[in-house]
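Pasting a structure below so you can have a look.
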Amino acid sequence: MSDHVYSLSEIVGSSPNSIDEAIRNAIAKASRTVRNVEWFQTQEIRGQVVDGQVAHYQVTLKIGFRVD
Amino acid sequence: MSDHVYSLSEIVGSSPNSIDEAIRNAIAKASRTVRNVEWFQTQEIRGQVVDGQVAHYQVTLKIGFRVD
Amino acid sequence: MSDHVYSLSEIVGSSPNSIDEAIRNAIAKASRTVRNVEWFQTQEIRGQVVDGQVAHYQVTLKIGFRVD
Amino acid sequence: MSDHVYSLSEIVGSSPNSIDEAIRNAIAKASRTVRNVEWFQTQEIRGQVVDGQVAHYQVTLKIGFRVD
Amino acid sequence: MSDHVYSLSEIVGSSPNSIDEAIRNAIAKASRTVRNVEWFQTQEIRGQVVDGQVAHYQVTLKIGFRVD
Amino acid sequence: MSDHVYSLSEIVGSSPNSIDEAIRNAIAKASRTVRNVEWFQTQEIRGQVVDGQVAHYQVTLKIGFRVD
Amino acid sequence: MSDHVYSLSEIVGSSPNSIDEAIRNAIAKASRTVRNVEWFQTQEIRGQVVDGQVAHYQVTLKIGFRVD
Amino acid sequence: MSDHVYSLSEIVGSSPNSIDEAIRNAIAKASRTVRNVEWFQTQEIRGQVVDGQVAHYQVTLKIGFRVD
Amino acid sequence: MSDHVYSLSEIVGSSPNSIDEAIRNAIAKASRTVRNVEWFQTQEIRGQVVDGQVAHYQVTLKIGFRVD
Amino acid sequence: MSDHVYSLSEIVGSSPNSIDEAIRNAIAKASRTVRNVEWFQTQEIRGQVVDGQVAHYQVTLKIGFRVD
Amino acid sequence: MSDHVYSLSEIVGSSPNSIDEAIRNAIAKASRTVRNVEWFQTQEIRGQVVDGQVAHYQVTLKIGFRVD
Amino acid sequence: MSDHVYSLSEIVGSSPNSIDEAIRNAIAKASRTVRNVEWFQTQEIRGQVVDGQVAHYQVTLKIGFRVD
């Protein structure tokens, strides 16, 4: 992170399988509309429970991207 | 909140009458430009004081909306 | 709060009308099963949005009750 | 809030009816002894429960006033 | 989360293998005694270390369940 | 804290004499109804003042107990 | 804490002997100039170390007093 | 901040010289694409170190702008 | 900070030029009415933006002063 | 954690594959130079993004080790 | 704390008797290997419970020492 | 910050002139004994006041350095 201006956006990704995959899904989705994403910071890890089982992991991220 | 990606935006609404109305004003305004708002989270409740009376309640919200 | 032991429980109440009513609903409901509730502390104020309008205010409370 | 020095005080107001009124009561009371109150920031929302009902809403505020 | 009252409980689950599994273990265990668990919120991720290796991941969760 | 599921409860103990005793009182009381308490975490230290003297120390604790 | 307005002040008390005494010293000192102190909330516990020994415990408190 | 709706964005500015300049750089950059910026709130102050010297100060800001 | 009682006050200073100067302005102003100020702790760094430029840095401080 | 003195160190581990592996890498590395590591506490979960994909998960941990 | 550079270390001390003693034990232990310890800041107060009684108070401290 | 393990240390630097210089002093001092410092994160900004003037700015930093 050198002499640039960066912007932070907050997103929530989800996955039925794992926290790691919820993060990857969120990053992949965000990267379709935002260019130059350089890092993420996890804000919150939650999930839905259905019939006594974890149905979805939901991870809130801040993503940082270069503004040029 | 199922298997989607959501985005969070932070807004401040105000009302001369109540905290509830400041929230409704913020949500109504945001919904004119952002589709699929599904929830809000209150971040801060402040206000302006004029002549020893509350002139405006000001509520900072995060709003969550589905990104399709 | 004198020389007693107290216990804290965390609950979420909701109301389509106001934050105050969401709190009153939560307290009324909790008081049916927990005796001697003496105070509450608001933890979080959120809500659901449907069709660009606040559908429900949701308030997370800690309630304190005397354990005798 | 321009080129002045401000001071912050912390107060607790209460009301049997609503959070909004607890805030207005605190501001009105503070304004009798402190001049030039310009804003408030809500710190905590609590309340007393009597007989399974909310007896008082209690709101802790920081109030900001100009020091000239 | 519509017009219901919910309750939150705090639990700690563990697993020798992963954070995800520690969460699933905690949810599965809680669901044996608590009905209608609908979501969880991760509070803390810790672990035990034995002989320079992670022996257990330990995850503290708040679980939310409907009170009817 | 090995391969078990634990639960956390929040309680408030008090003592006219000291913080340490307020904690011991809370733990002793909780242990009458909850088995297998293994640890506590202090959340808040407050107190009542009467006639310019500390009348009670009040300590809010989370207690962790094994759920088998 | 019923239908009154309260004010909060922040003070630091110290003692060479214990945390409890640092709190009592702060409360006793504050009560000489502030009437109607009703409660305190501990904000921070620190201390000075001299020659490898605790020389003073220093406790920062918020004290709440009735404003009539 | 009167009877308007405001929006908050989070940005990171940097400067090899000072924290103040990192803030001014971020504000200047943001103002090219966002109109009506009215205030900023500092979230985090970090920096890069190269060869044992501060190479860049990096300041994360929330900026508030009027939405009309 | 030895065997004394200290009090903390919260103030906001501002400067069109720098954060350091906003702090110095606040301390200088406070020292006209409060004797024995010994330290400050920065709580928040904000500012006003006018025409896309930083118009004022505003720094909220707690100041600690000896009460004898 | 019985009658010993412990020390805490803060480290950052990374992995291209998962959060769990980033933690294991950090613990393994720390255990080469620090003996008697007994537990870790996760402080922050971040990551690098390259070409719209998560390139590294980065986990900041506090590790606790016995000092004898 | 004048014109020096200080370093902070985090340690956990324990005592079967009191919080004060747990702090003194930690400071005494740290002072055997670290010179010029000048202050401590309490981070967390926990404890172990055995057979329904407090077995150990455990206090996490940051200690500050001069680096010359 | 790529595929390495990093360590974080906490230090306090001071300067009679500015916050920026307090940071530079701390980094310069730390770099004499710690190699490969790559970044810093500001934790707290305080200062000493003497005769109603800022005598020293004191800045607490976490510094991150590569462990190879």
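As written, the chain order gives the labels A, B, C, D, E, F, G, H, I, J, K and L, with residue 1 at the start of each chain.
FYI, a contact is a pair of C-beta atoms (placed from the backbone, for glycine too) under 8 Å apart; a residue touches a chain by one contact, two chains touch by 3 or more.
The model shown is predicted, which means the values in this text are computed figures rather than measured ones.
Interface equivalence for J-K, evaluated over C-D, A-H or H-L, points to A-H, where over half of the contact pairs coincide by residue number. Separation between the centroids of chain A and chain J, computed from CA atoms only, is 21 Å.
If you average the Cα atoms of chain G and of chain I, the two centres end up 22 Å apart. In terms of their C-alpha centroids, the spacing between chain D and chain H amounts to 31 Å.
Residue positions 9, 18-19, 48 of chain L are each in touch with at least two other chains.
By the document's touch criterion, interfaces exist between A-B, A-E, A-H, A-J, B-C, B-D, B-H, C-D, C-E, C-F, D-G, D-I, E-F, E-J, F-G, F-K, G-I, G-K, H-I, H-L, I-L, J-K, J-L, K-L. Chain H contributes residues 18-20, 23-24, 27-28, 31-32, 37-42, 63 to its touches with chain I in the complex. Those residues of chain K that touch chain F in the shared complex are 17-19, 44-49, 52-54, 57. Listed in rising order, the residues of chain B touching chain H in the complex are 9-16, 25-26, 29-30, 48, 56, 58, 60. On the side of chain F, the complex with chain E involves touching residues 1-9, 62, 64, 67.
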